[in-house]
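The structure under discussion appears below in the form of structure tokens.
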Amino acid sequence: MKTKKKWDTRKTDYLERMSGAEPYINNGKVVAAEDTINVLEAVIRLFDRVNIEGNNQKQANFLAEALIKCDTQRIHDLYMVQSAVPLPVHLDMFEVGIAKKLDFAYGGPMGGRVAEAIKNGKLELGAIHTYLELFARYFIDLTPRVSLICAYEGDADGNLYTGFNTEDTPAIVEATKFSQGIVIAQVNKLVDKVTRVDIPGEWVDMVIESPKPFFLEPLFTRDPANITDTQVLMAMMAIKGIYGEYGVKRLNHGIGFNTAAIELILPTYGEELGLKGKICTEFALNPHPTMIPAIESGWVESIHSFGGELGMQKYCEARGDVFFLGPDGTMRSNRAFSQTAGHYACDMFIGGTLQIDKYGNSSTATATRVAGFGGAPNMGCDAKGRRHPSDAWLKCGAEFTSQSEYLGPMPRGKRLVVQMLESFGEKMVPGFVDELDAWQLAKNANLALPPVMIYADDLTHILTEEGIAFMHKCRNLEERMAAIRGVAGFTEVGLAAKSTETKALRDKGIIKTPEDLGIDRQRANRSLLAAKSVRELVDWSDGLYDPPARFRNW
Amino acid sequence: MSKQLHEITFELKAQNPTDFVEDFAHFGVVGSGDMEVIIEQKNLDGAVKVKIVTPVTGYDEVWRRVLERFVNDTGVANASLEINDNNATPVVVSLRLRQALSEVD
Amino acid sequence: MEDLIGQGRAAIDMIIDPDSFREGEVGELSITDEDFGASAVIGTAELDGEICTIIASDAMTANPKFPVVYAGIIGLEEGYKMAQAVYHSIKADKDKPLAEKRSIVLIVDTPGNGAGKHEEIFGMNKSTGAYQMALADARKVGHPIVAIVVGRAISGGFLCHGLQADHVLSLGPKFNTMIHVMPITSISRITKLDIEWLQELAENNPVFAAGPDYFYKLGGVEELIDSIELIRERVVAHVAEVRTKKLAGRDDELGPWGRGALSVERGSRVARSKVIQTMDDEFAAVAERYLS
Amino acid sequence: MSSKWENIQKRSFLESEARTRALGLVDPGTFTELAGPRHRISSPHLPLLGEAVEFDDGIVTGVGLIGKKPVFVASQEGRFIGGAVGEVHGAKLANIVRMARKAYDEMLASNPDLPEEKRPAVIISFDTGGVRLHEANAGLLAHAEVMDQFQDCKGKVPIIALIGSRVGCFGGMGFVAAASDVIIMSQFGRLGLTGPEVIEEEMGKDEFDASDRALVYRTTGGRHKYIMGDCNVLVADSIAAFRGALQEVLGKLYAEIAEMSCIGSLEKIQYQLKLVDLCVETAPKDAKDVWKSAGNENPDDLTDMPLDEFLTTVKRLTDRY
């Protein structure tokens, strides 16, 4: 039965909140920095769902710092729905009671404090998501009422230029604004005319010039000086045993030294194997500085980025055939689209991890840190909705032994999901374990399920210094566990391997050692790296790459 | 509270031995997570004598297994190996031992 | 008087002949600018009737131009000023026979070298290096150099001002004299080793313990003096002893190398002697190939 | 052996171990290590503290030839406890300098007309933060011995410092390097007395932020030291480049080499005092201000421009003062 109901309560609420902020808004949509707390107190209500923009790269840190200074009598118990909580202020918010509940994707350096806050009852955790999963929920059941975002430039009409670091902004703003929410932007600079309209002014309610530029973390910068010989060996195995073997052209690389090593030997070892043009042509990838030599030697046709990387702006602008540039000539990143691309259009995900259990589940969670996985799981899984073929995808699918159990003779592809891991980490911490620390974490932080980055059923290859285990070629769990043991080195898991069993798996091509792949271990050293230092990356870039101060050693 | 360097010694025999004929070989640097080794020709009735000096305890068995594999893979015999270690992982140990051997090839 | 920490000027008066100090003057050198290297005191005095150069730190006077130079710290200007005093001593006695080369007395109470941005931009390493080179030079051309630690002789500060002397004397630990690179508490913090256990270890192995008696054991200090009243007398005696050795051509028994030998006498730094011997022997066997 | 030596030449100096540097700097096949790993003279003090030891105590000492010239080489290993100087390490360094001087005395005694091309030399490849804390007192005393031996070399044997390894050259070894006749650096080398963390502690983070590596290199790095005149030759980061510069320097007459040092005489320190006056007058906020004083109009461009371009465009303080 049709009920009598008001259908514009959101709109009314929006107007009511905005009227409180009105006195502080001048000259169109401009709010002075010193009035920030006043406008936040005016538009935010108890229990509101609030988004503070930020991920593993850019942060609306000025607005976050202002929110925590708000009157806790007026504003408390907020429900934070946001990509990441990597700054101390994000957790302080829960300590002082401004915020109570959290749904997020990435905790980074604050992982330890998240776990602590959950334990002492200061933080009620909804769930740990992937970026894309969280964005999806913004449009279903976690729509923010107020979003605090950041941009490089803004004008009096509210138009924003987010440029190189557009990242999450479009997803947040669209979800918030089109449900009659309030969008407040901190901008590095108020300008008469923005360089490019990345967010239309109509979608933004207030613009505040922050005293300092927004915080930007160069998370994807890896100093080649710290790449080890073992990482070079593993990179050689990856290129010869996986990239070359499958002809992987479209892919994503995770963060870390393992993939940085791969990027840096493409122009040397990759070239030598004659793989140029046959692999690594299209990426969903942040502008990794370690990609510069491969790009400069003509390996790469296209890169779409989740975010920008500090210092890479000029370089990307000067390589318009590779990166996605706007009509104004500057790059635009977009996390939602790039994650979608990573999920649907890439044939492979390859990245490092901290732990793999004896079944093949892998996680970077430790017993005391709720860190989240950001975007890795979106790419580190088989895209079940994928319907377009590619050689690599089809070949992997054809090798997927147990597929016929479900599909009969129906052909289907499979994404390559590769985890790279040395059997022991620093200080003899084993990479292969009986049980993931994630189980302990789930207990410690009252999580509904252990946080797993990549589940065993998605994982196709494990690559260690001992060899590559082709997991998807295994017939059953028993065989997969034997394959893991066979590459787990001298860890407890590895010591349980029987040499006859491992030998049999090698004969079947389920395990391939460097020798099986025809890789000379003696060549596995840093001299294969196309750039051995950040300085050499700058030289490769013709001075276009401007590395952050902490990476400079000249 | 006392803290001393830990010493591990044992002897191994390769399955397919080939005598180590160089008088002396040295390789590696005792950086953090790294090690050095001296390999010397010794008449040990085909055996390999190993001595490891390390700040780390609790991995005697892992050391033995890593060295066993090295000795079996390379067939090294009639040699003494002296290792100064500073938290090297088995991966690094295997790598350095092989590099030491190839230095004299 | 319980100790002499921070009292470099008072210590000068205690050591030299009464009213003989001409501050700022050494040979042709005459420094009139009071602010120049203000934390370092240099000048000429008489010691037991003989001319001598005095070099000390003034913990009470900060250098107004360099904010990190206070409390007896040796800064950029101070290092060069001290070096000037030494070079002018050499110059003044250039033509004099060995027996008449003036002595140089270093009164040591310094917490270290200037640690600042200007210091690093312009090279504090050169300033402290220049002073040490000058002292070594003076020592080798025959000036007897005696250092007396009356307060703090900390790490690089001691190297700069003290350890290039022919003989190093120190007031004993009861006068709160400090000789170390780092206090054992800091070593304990950095090495994460139990402090009591470290102190226990230090009893038998003075290589990381703080204090003048440990440096004595290592041969880093020739003599410990256990009374302030005795300082003058002992400095005079050591100047004479050093001079006698120089006249006899026994320079190898003096200075840093001489203190190396002293360590053997006192049963420490054994590995030092061993490795030097090994190098010498090993080279002797191949010298022909390189030197012919 | 010789082919191996060839391979070494191309290697990055920054990345090379102490032994590789020592081998590669002298003529092929001429290096004889003295008190090397074979003798197993490691630190007697580290084991008591549960710290790992190295057979050579973190320094390679030996003798080789460059042309006809006997060169006495010391090469520090920064990977082993930061190249820090303990009892054995320090004694090896002091004695290799002493041996060079003794060799000179002997050669001169047997041949008063000793030709320049045969005059011994000392080469020190620094990679150290100074005193080793675990045996601090012995390390400190060793520094004094090295300086003493340096002075003995004056007028006899040239001492060349090479700085281009990871740890740089800090602490007491900073003044040891300053006391050398010639300093050859790469842009990756760093030379100073006080480490950045201590300066930050002394001056506050606003004045000096130790985590700002660009600032640290602007203050102590090879490019800066070259502008200041503290570094005589700035070379590319390869063993061959360092060796090339070394050969060129050693090809000069001893008197010329001795003139290249920054300190060691009254005249030289009078010049240094002029620079100290410049410091007081200009009160630079940053090393770049001094680069400007040296006559570089656009100091910002100097850090990132390629080395060759830097060397041809840069104005040095020594050009002006």
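Labels for the chains are A, B, C and D, by order of writing; each one numbers its residues from 1.
What we mean here is this: a residue touches a chain if its C-beta (ideal position, glycine included) is under 8 Å from a C-beta of that chain, and two chains touch if they have at least 3 such contacts.
In this text, all values refer to a predicted model and were calculated from it rather than measured experimentally.
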| item | value |
| --- | --- |
| Closest chain to global C-alpha mean, per-chain Cα centroids | D |
| Pair of chains whose C-beta contact count is the highest in the structure | C-D |
| Chain centre separation (subunit A, subunit B; CA means) in Å | 41 |
| Interchain centroid distance [CA atoms averaged], subunit A/subunit D, Å | 44 |
| Computed distance of Cα centres, subunit C from subunit B, in Å | 46 |
| Computed distance of Cα centres, subunit D from subunit B, in Å | 34 |
| Touching two or more other chains - residue numbers and ranges from subunit C | 193 |
| Multi-partner residues of subunit D (at least 2 other chains) | 48-51 |
| Subunit D to subunit B touching residues, read off their complex | 17-18, 36-38, 40, 42, 46-55, 77, 79-80 |
| Sites on subunit B touched by subunit D in the complex | 3-5, 24, 26, 29-32, 34, 36, 38, 53-55, 82, 84-87 |
| In the complex with subunit A, residue positions of subunit B that touch it | 33, 56, 59, 62, 65-66, 87, 89-92, 95, 98-99, 102 |
| Subunit A residues within the subunit D interface of the complex | 526-527, 532-533, 535, 538-539, 543, 546, 549-554 |
| Subunit A - residues contacting subunit B, complex | 229-230, 233, 422-428, 465, 489-490, 495, 521-522 |
